[in-house]
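Remarks on the structure that follows.
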Amino acid sequence: MRETGLESALPALAPATISGAMTLIDLANPSRFLSLAGRILPWLAALTVLVLAVGLYQSATAPDDYQQGATVKIMFIHVPNAWLSMFVWGVMSVAALGTLVWRHPLADVAAKTAAPIGAAFTFLALLTGSLWGRPMWGTYWEWDARLTSVLILFLMYLGLMALWRAVEDPSRAARAAAVLTLVGAINIPIIKFSVDWWNTLHQPASVIRMGGSTLDRAFLIPLLVMAIGFTLLFLTLHIAAMRNEILRRRVRTLQMLQASKSA
Amino acid sequence: MKLSGRGLRCVRGGREVFSGLDVMAESGHAVAITGPNGAGKTSLLRLLAGLLAMAGGSISLEGGDPELTLPEQAHYLGHRDALKPALSVSENLSFWREFLGSASRSSPADAAQALATVGLDHVGHLPAAYLSAGQRRRLSIARLLAVKRPVWLLDEPTSALDVSGQSAFAAVMTEHLKGGGIILAATHTPLGIAVRELRIGGTA
Amino acid sequence: MTALAALIRRDVSVALRVGGGALIGVLFFLTVVVLMPFAVGPDLALLKKLGPAILWLGALLASLLTLDRLFTADHDDGSLDLIVMSRTPLELACAAKALAHWLAAGLPLVVATPVLGLLLNLDGVATGAVALTLLAGTPALTFTGMIGAALAVVLRRGGLLLSVLVLPLSIPVLIFGVAASNAALSGPSPFGTPFSILCALSLMSLVIGPFAAAASLRHGLD
């Protein structure tokens, strides 16, 4: 049974959860990550605030659309969130490979902490999408191909989080979640394709049409800045969350050590 | 107080485990039920605890609380520890104290005292999932102490306990007998206290 | 009362902690409801008409699927032995366990209903009506399903067998739950009649469920 370096600090103390040989080298890795994270987090956070501030200013001053009016500004929030909802799954897939193939001790920490952040971005994409659709469709929800795909992605994020929660031992949960993440990565395009097909079968034209290349420069630049800003926000949150998770696992390890000390 | 069962007969899954069995235990005395595997040691304890239906015979407890049945005055310590891994050690214990005990007769201090007696007071705040098998058994024993009941029905109580745990448990049992309690224990190993042996299932 | 309160508190906190499955029911509910339009088609008018039925079916399946561990979990770790032996009547202990399950797994379904109503294009009144009928009806599902959960201990088999045993018993609840929601939505019949019957079914199951579950637990212990 493979163990992450975080748990292997305590060999043979609680056989159900801890087994395998301890290697001190494994421990070094998360420690290096912790010190590195501590150094870059403030800078990264400052950069995120700066880029988002510029992006928000540019979005606010961008002209109204001649058709959609001021509601087009929701796009500046909606599109970056939708982009991140997929990007985060990509990050988790790489982490899942790291867990299954390279057995890197940080990989499952990265995968676990990315899931709730990704779910939050996906939820924001859904929320802004339905707010955007409200004036267009007259309802908050339409079974539009894009939104429906994002909704399914959201469900998959929630399922993944439920899987992490269902298994108490993190290293066992990591492998199960890694398999599910990779299966998801293969399946998401298939789901997307079938939803598109299902949707066009029922209603030929999508209500919102939005190709990146047809966008005016006045929209494109703020959108790009916002996308970069949100990606930086994800990185900041992710590194902070990874740091918390590593510390949480250390606390768990110490508690198990404490429990095993005989009275 | 005197616990007696006469002519007990037990049938499980269509097979007669034992019949015509007499068992007797008095205040301040411990009975060790011994016998080969499959002789019905666990079945006898579960019969007394009211967890198995009797196929014949009678059980009575003289001198106990007349308004309560025998199972309601007994502690049963089975193979399984009745712990929830997600709850902390002290949450597990205080649940059983509140659920089993009459709240008037036991206080939270009793639970803390019980944890200290079994040597788990330093891990009270940790989830029970972190405990080893021996520690889980100690926590179950703490339940016997946190809620006062005169009759203890113990199934292999010392399994998973180390030497110091066994001697501590012997002290706990001695204390219980001194207070007029009754102990019936199914066991393969000596309990470390003075017992009367009840051998069932022949000599095979 | 202390004993029952302690049992409810324990079951709710076990369900909500890591490893507990209380919120998975809501996720299942959400998934079932999202699946429906793929079968029916994204026709909002049609979905609106089917909405109460879809929500009720989803809630029914979600609340039954989470039930199968109600007693088996306690049986597996030995807690059930102590609960049977305790001075608290077994019927009351069963009722307390079912109540705790409803609080942790049934009530979140009712809370999630408005969000799902949005997906099915139900307006405020219709969503409110469905949520109200679920609030009145899900206790009946839990307390009827509890009988199956107790049988699962006796038969040492949960999962699908439980569903097969219990689903037919929940048909009346489904009929009057959907009828009441539809009555509020469009129907010519008044809302009050089916809703009262739904409440009556819930109250009846509150009485029958614990007795039947306790009886099967008592006779099935081994």
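Lettered A, B and C in written order, each chain numbered from 1.
The criterion applied here is as follows: contacts are C-beta pairs under 8 Å (C-beta built on N, C-alpha and C of every residue); 3 or more make two chains touch, one makes a residue touch a chain.
All figures in this text were calculated on a predicted structure; none of them were measured in a lab.
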Chain located farthest away, centre of chain A as origin (C-alpha): B
Pair exhibiting more inter-chain C-beta contacts, B-C or A-B: B-C
Innermost chain, taking as reference the mean of every protein Cα atom displayed: C
Intercentroid distance (Cα basis), chain C paired with chain A, Å: 33
Computed distance of Cα centres, chain C from chain B, in Å: 37
Chain centre separation (chain A, chain B; CA means) in Å: 51
Residues of chain C engaged with two or more neighbouring chains: 18-19
Where chain A touches two or more other chains, by residue: 168
Multi-chain contact sites of chain B, meaning residues that touch two or more partners: 85-86
In the complex, chain A residues that touch chain C: 130, 139-143, 148, 151-152, 155, 158-159, 162, 165-168, 195, 198-199, 202-203
Chain C-facing residues of chain B, complex: 12, 49-53, 68, 71-72, 74, 76, 78-87, 91, 94-96, 98-100, 102-103
Residues of chain C defined as touching chain A within the complex: 18-19, 21, 23-24, 27, 30-31, 34, 37-38, 41-44, 47, 118-119, 121
Touch list for chain B against partner chain A, complex: 85-86, 119-123, 126, 129-132, 135, 164
Touching residues on chain A, where the partner in the complex is chain B: 14, 168, 255-256, 258-263
